[in-house]
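In order of appearance the chains are A, B, C, D, E, F, G and H, and numbering begins at 1 in each one.
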Amino acid sequence: MDIKRILEEVKNGVLSVDEAANKLKTLPFDDLGYALVDHHRQLRNGCPEVIYCTGKTTSQLKGIVKNLIEVGNTNILATRANEKMAQAVSEIYPEAEWNPSARTIVIKRRPIEKCGKGKILVVTAGTSDIPVADEAIVTAKFLGNEVEHLFDVGVAGIHRLLAKLDIIISANVIIVIAGMEGALPSVIGGLTDKPVIAVPTSVGYGASFGGITALLSMLNSCANGVSIVNIDNGFGAAYIANSINKVS
Amino acid sequence: MDIKRILEEVKNGVLSVDEAANKLKTLPFDDLGYALVDHHRQLRNGCPEVIYCTGKTTSQLKGIVKNLIEVGNTNILATRANEKMAQAVSEIYPEAEWNPSARTIVIKRRPIEKCGKGKILVVTAGTSDIPVADEAIVTAKFLGNEVEHLFDVGVAGIHRLLAKLDIIISANVIIVIAGMEGALPSVIGGLTDKPVIAVPTSVGYGASFGGITALLSMLNSCANGVSIVNIDNGFGAAYIANSINKVS
Amino acid sequence: MDIKRILEEVKNGVLSVDEAANKLKTLPFDDLGYALVDHHRQLRNGCPEVIYCTGKTTSQLKGIVKNLIEVGNTNILATRANEKMAQAVSEIYPEAEWNPSARTIVIKRRPIEKCGKGKILVVTAGTSDIPVADEAIVTAKFLGNEVEHLFDVGVAGIHRLLAKLDIIISANVIIVIAGMEGALPSVIGGLTDKPVIAVPTSVGYGASFGGITALLSMLNSCANGVSIVNIDNGFGAAYIANSINKVS
Amino acid sequence: MDIKRILEEVKNGVLSVDEAANKLKTLPFDDLGYALVDHHRQLRNGCPEVIYCTGKTTSQLKGIVKNLIEVGNTNILATRANEKMAQAVSEIYPEAEWNPSARTIVIKRRPIEKCGKGKILVVTAGTSDIPVADEAIVTAKFLGNEVEHLFDVGVAGIHRLLAKLDIIISANVIIVIAGMEGALPSVIGGLTDKPVIAVPTSVGYGASFGGITALLSMLNSCANGVSIVNIDNGFGAAYIANSINKVS
Amino acid sequence: MDIKRILEEVKNGVLSVDEAANKLKTLPFDDLGYALVDHHRQLRNGCPEVIYCTGKTTSQLKGIVKNLIEVGNTNILATRANEKMAQAVSEIYPEAEWNPSARTIVIKRRPIEKCGKGKILVVTAGTSDIPVADEAIVTAKFLGNEVEHLFDVGVAGIHRLLAKLDIIISANVIIVIAGMEGALPSVIGGLTDKPVIAVPTSVGYGASFGGITALLSMLNSCANGVSIVNIDNGFGAAYIANSINKVS
Amino acid sequence: MDIKRILEEVKNGVLSVDEAANKLKTLPFDDLGYALVDHHRQLRNGCPEVIYCTGKTTSQLKGIVKNLIEVGNTNILATRANEKMAQAVSEIYPEAEWNPSARTIVIKRRPIEKCGKGKILVVTAGTSDIPVADEAIVTAKFLGNEVEHLFDVGVAGIHRLLAKLDIIISANVIIVIAGMEGALPSVIGGLTDKPVIAVPTSVGYGASFGGITALLSMLNSCANGVSIVNIDNGFGAAYIANSINKVS
Amino acid sequence: MDIKRILEEVKNGVLSVDEAANKLKTLPFDDLGYALVDHHRQLRNGCPEVIYCTGKTTSQLKGIVKNLIEVGNTNILATRANEKMAQAVSEIYPEAEWNPSARTIVIKRRPIEKCGKGKILVVTAGTSDIPVADEAIVTAKFLGNEVEHLFDVGVAGIHRLLAKLDIIISANVIIVIAGMEGALPSVIGGLTDKPVIAVPTSVGYGASFGGITALLSMLNSCANGVSIVNIDNGFGAAYIANSINKVS
Amino acid sequence: MDIKRILEEVKNGVLSVDEAANKLKTLPFDDLGYALVDHHRQLRNGCPEVIYCTGKTTSQLKGIVKNLIEVGNTNILATRANEKMAQAVSEIYPEAEWNPSARTIVIKRRPIEKCGKGKILVVTAGTSDIPVADEAIVTAKFLGNEVEHLFDVGVAGIHRLLAKLDIIISANVIIVIAGMEGALPSVIGGLTDKPVIAVPTSVGYGASFGGITALLSMLNSCANGVSIVNIDNGFGAAYIANSINKVS
């Protein structure tokens, strides 16, 4: 029995006010919770869908993509996708764009609306950090942002970074990606007053501990305005940059 | 505007069914959420109150106790309470029982009802583990359980433990408390088919790392039937033992 | 020389009381210890057998299963079994049920008796946690419990969880399985007063450290009533849930 | 072309002053450096000053405050200040506002301009997290933002949080502060599409490791849109929230 | 009812053999386990008693010492004893010897019998390791061994060590105590074919992590014949050295 | 007195050659150094050789074995050898004994002399620990000791262990090998007064961290008389047991 | 005084070119930046190029080498290069020298100039450390240094090391490479007054944690004059040794 | 040829004393050992003495200083000395210079000879790093070096650092001291081709872990030419810088 029917029975005198109040109380939570649900539905309406591929079989991925295509008209982004997955998806949707560096699959079924106010800048310390940057770039563009990038401007050659100062200053949000000692966000954080999202990468060896050193380094940044996401989480950084860029 | 009033207006024709359904949707969550709240209230009705004292000032503690005494008729347990706190509470409620080893304050305002089916047994490996055991014992009794204990039956003197086999076998739930290498739960887990709750303690030095070694050891127990709580968490173990003892 | 013979010789005057007492003392421990052994035998009589396959060769596994089948009439559960192992076992016992997700082999030689009072509920935060859940489900059923499950109700979409509140409240014991930040047991622990067994999983990347983050998170749960087992230990959680469910 | 040659061409009238200035700007790095300096000067002009007190003696602090008061007309915020420091500062500037919970000293010499577009919401899981929240609140207000707060809405009592859904949804940026298992940012991150800044706190005991567990938990949040700062870093979170709130 | 009485009743025909066998089975374990207990009693007969003082109150310590003095005629060693404890013990037994560096109290009530075959050598890398060495020396002598020592012969001045080669070669068991990088056991292990027991100490700062570095270093010794005990565990090392020295 | 003066006195007949040689030996360090070299030569003369294979190529191994066979008449033990290595060695020395579980190759060129006084007992907690035990057994026998073993007597089935008490008590040195929670050495250490050498193994999963948990557990053993070697170091334990067994 | 005004004064003859150039140099920061650029150019002019191969594809590597060969006349060193990479490079430059142990490729296009004053000595504790040593040796020679080496002189056989004392004392800088317990730098640091650069290696097993133990051990060296680089970083050590050797 | 034979040939006049002495020197190891001893004596002759005060009592320190003053004419440096120690030393030697920030005591009994070729530069990232820097400065000067310093030039304000580029470039060796994220050595390492010694400090909070983050960061520096010492080890860094500065 749903809410409207209860209300109608109250209107018709079939149920007393107290009986109706009791019935409402005994309805399972979800029926009461629809404000919550609506809120979510509203949020998600026409909103692009994201699939995290790690730990999914190729056939599971295929099933999910198929279902999303049938159900709605949204754009779809799959992250952490390997080549086999990309091939599988292309069998369903031949126009799917596979980016082997970013490990992303993008299915564009309607044009991406520009939504952020300013530019998102993606910076890397080294060339080995580029795959994580690519994940961030694909994601940020997919979510409707204008994106620029600066690669291989690590702190051991500070002049390379300073030569690009104008690009840094003109960005609205900056994603800084670095492995090894993870020092780049501190330097960039000191050069801008815009939000900096730092992404540690698993680039390095020995005491880099698969990105832990970069992570700790970033958490202890002496620059204000730097917040951090998980190791190699290019997608997450772009998602946050997008939410910041849209705040305005 | 609350639910009953909405229902009455529906009944009186002041509101149409659709208008009422919309109004219900725009009510803040809590008004919709009362099933949830009721459920909680029901759970907590006449239920003893617990105060975790760490990080509270003496005057904050006093305020909370005062309020609880005025509002209801429940029994009150304060954990991790130091002597100063005990004294402060006794100014409000002179019959409050202060246990300096367990660091607990118990305020009994109505008799504790026995509720568990069987006995909860609290075992320690060493004498230094007794304060944690005392916290567990006070808590388990406060929650209405029959409690027995065995102290200082660590695995390096296995005959001391085996001499008490009958007590171990007769318990319904067993809380095993150990620091250092934390081996006792494995041995006891092998002697009973009842649930064993293991509590690592910060007893030890050097590579005991404040209880981490005991914690890891317990998590890797080769005995089935052993689950673990946080280091020194005698209260938590007793709370779980109580919930198990009541399941029946 | 066994106890009865010693007693008979005492009766017959062949041995004096002191000689007999001495002889008893010199018997190897096990002969004295049979109360202990009996207790175990009693526990294990007709009890299902469990084989942990990791680190065993296929031929070792085959040998153990063969032996168990010849010796008794018990049901057998093999955990952490790969496909090759399953095939090997099916050569001995073709009706053996292989569950590739749970990595379990079940050999049912007599009907499983229902033994627990209530339902065991198995909940996962994400879809990647399902293999651990499957191990728990297979185990709990194998041990004679009624089992229900809720998959993919992680805390980042709290409405999905709350929509199932009735299922949560009706369970007798709840196993909550989560990787990444491991937050689900805290939320569920706040919604029920039944024992919650939390299983951290190795699902995640970067700073999830193969399940350590989820493990630590669960150990520090702000909800009472939550105890923890080792990472990915679905079997252990089900074993404990079973022992709790049988306590009554 | 080097500097001297440019200067000579200016001297000889080959280059106009403007052309020369432009040429200097297009030289690699160094001339862009002016922008750097200017940019910094611009950033800092009339901008509030912040002093991090840890590791400074009372007399050092006094000296710095004195100097800042003499040199300019900016507002001053001192963080991590103890009572003795507050007293010392009040000797120089009696209207300095000392907040013992936030451990902040605020010196307002000109009215704080509102600068952010929306509201910053500061949420805590427990009452012990309030001092960190207070640091964030004082900072965010000092930087010109409208601030709201929700305290003690931890995930083990999820209805307390859901009852405040409207406040959460209406915020522009949310700072979520939690110790122990640090699960709150994941839940809130699932309820909003605005940026969430998570602050782990050192609240907890045993395996909370002074905030490491909460930190790791937050880094592994299954909710998108959550970035993290260092343990207990209320100031840093507010600084970032301010920079996000101003982006627009 | 004890074993002898059962045997007597069998002899007297009061109990049948079967009844007696059953009664024996139902006796609590300890009565069956006396071989075990005897073994222990035998081991401990006339054996010196050791009290670990950490975590005991002065009055608890006093009580234990009093009891041991009244009950038997054994020598007593108390370890990790502070000055207050030493004073308390001296009130009971004025001849008690307090060693403030070793933090030991020795009560000699009968002459210590020499029992080991050879000499135990105690070596330290630095002067800061001496308190741990003193605990080992006092313990080894207390247990009846001849003890020699070499202090401050760390590996950075290898000639100091090599100048004492004859002392090293003539020892039967060697206890090597070192903090910081813990390299000494490797060098000594290469100079002797006798068992070496390595004791890491908490001496050092920064990345010595309270002895963890020395501990790990010793565990990875490239010299054969080196086994390790817990950080600062001078007593344990001496106890093992004694058991080795007596093996012969 | 320095070298030249000694030489001069030899020349002048003041010192005999023997007196001079003795005096040289008593000079600090350097002259003792001969002793060192001699001592080593003595130690190694006719002494079995050991090759640690990890990190060596098959051809390097072959070269070393060839050389050892040509140079002397010693027995040879190669540890951590894989099948390919075994095959390579058998090409040089067809009688070489390859033990695939222990991963050892033994080349016996002269009979092994019994040298230890008593028996070395090798005990494992589980069946997965057997390869490490086998390495210890092969090594201890190779070095001339009588060896006995007890497998699969872990603490969760304490009666299995106690049933073998006589074997435990009769050993001269005991090597105890355990993974997971590493509790067995504590129990055995409490049952014997002989030296116990504990070997943590990498057996386990999740929070066993490749043997770290067992290692820490053993380091914190509440039983006296337990010393520890590196994870999976069966060879090292046997080497130490041998040196203890020979001490007498 | 800003740039334009300086330029105008040059134009008007108020400032000479030199005066203006000087004034520009005294402006904060930016003009000093020229020096920076120049300095870098100077540094890099004719300077050998180094390529770190890890994380680069074979074709990327080929592209970089091609470009370097076309652009200048420098020598080229590629580190962490596998065989496939070596083959690829040899297709472009057949004289490239591939060192499979050091994993280096050297392209010599002009003779290497000797530049350091003294000898660099490279020492290893074991034979498994040789690949790291080879990387250091190739690098140090490539940079123009005279290099000597001592392999397999670990501390467990201290006489092997002392026998080479003259070689140690005659070196200008010493690189000491060790895995396991990493004790060698402490011993060598005590034998020389020249700078010692310690390189921990990932050689070892169990509690060597892939080189962490050696790293920590070296950081805590009781010998003065020892500084450390990352695990397995033979290149880095040689680079530093070279910079020290050139300081003079 | 062995010792006795050499002696006999001396006796027989076959060898002269000098020839014999030479022959002894060419014997393996032991005779080189003299060189060792001499070398050390030579090294230490007239050489400044250093006392590490941590873990020494005031009276022990006093004793050592007294002894050093009586025995020789060397200068003395005491590190990690507190005020009480300084006072005690001044009772013996009133001219002793106590530096409370560096925690050093310097006793100058003869003028310090300048011995290094160039300047040692000491740089800190923050003001809280100054005490470590002061220890380095006092040490470097005490050992005879010219020292310059740059304080508070952390990477978040990169222009402050670049403004001092000339000072950086003119130094012969650079000690870089930083806590928090420890990024400064990477930036400076990129600006100079001289050796950089990085000192992590325990400055920071939360995830700085008492200097571990800075330490790891420095070990993973992307700049070549950076080597590292233990946390807060200003003395060690200066000692190394001195040995480098003297190499020339």
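Please note the rule applied: a contact is a pair of C-beta atoms (placed from the backbone, for glycine too) under 8 Å apart; a residue touches a chain by one contact, two chains touch by 3 or more.
As the structure is a computational prediction, the values presented were derived from the model and not from experiment.
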Going by the touch criterion stated earlier, list every chain that contacts chain F and also contacts chain H. E, G
Hey, which pair has more contacts between C-betas, A-H or A-C? A-H
Note: among B-F, A-C or F-H, over half of the C-F contact pairs reappear in A-C
Length of the line joining the C-alpha centres of chain G and chain H, rounded to whole Å: 23
Determine the centre-to-centre distance between chain B and chain D, using the mean Cα coordinates as centres, and give it in whole Å. 39
Between chain A and chain F, tell me the centre distance in angstrom, where each centre is the average of that chain's C-alpha atoms. 56
Multi-chain contacts in chain D: which residues touch at least two other chains? 28-29, 32-33, 36-37, 157, 162, 165, 206-208, 212, 215, 219-220, 224, 230
Identify every two-chain combination in which the chains touch. A-B, A-C, A-D, A-G, A-H, B-C, B-D, B-E, B-F, C-D, C-E, C-F, D-G, D-H, E-F, E-G, E-H, F-G, F-H, G-H
Parts of chain D lying in touch with chain G, wherever the complex brings them together: 3-4, 7-8, 10-11, 13, 17-18, 20-21, 24, 27-34, 36-37
Interface residues, chain D side, partner chain H - complex: 33, 36-37, 40, 54-56, 200, 202, 210-212, 215, 230-233
Could you list, by residue number, the parts of chain C that touch chain D in their complex? 125-126, 154-158, 162, 180-183, 186-187, 189-191, 204, 206-209, 212-214, 216-224
Please name which positions on chain D make contact with chain B in the complex. 127-128, 157, 159, 162-166, 203, 205-208
Of all residues in chain B, those that touch chain C in their complex: 35-36, 39, 43, 50, 117-118, 162, 165, 169, 172-173, 191, 193-195, 197, 215, 219-220, 224-230, 236-237, 239-240, 243-245, 247-248
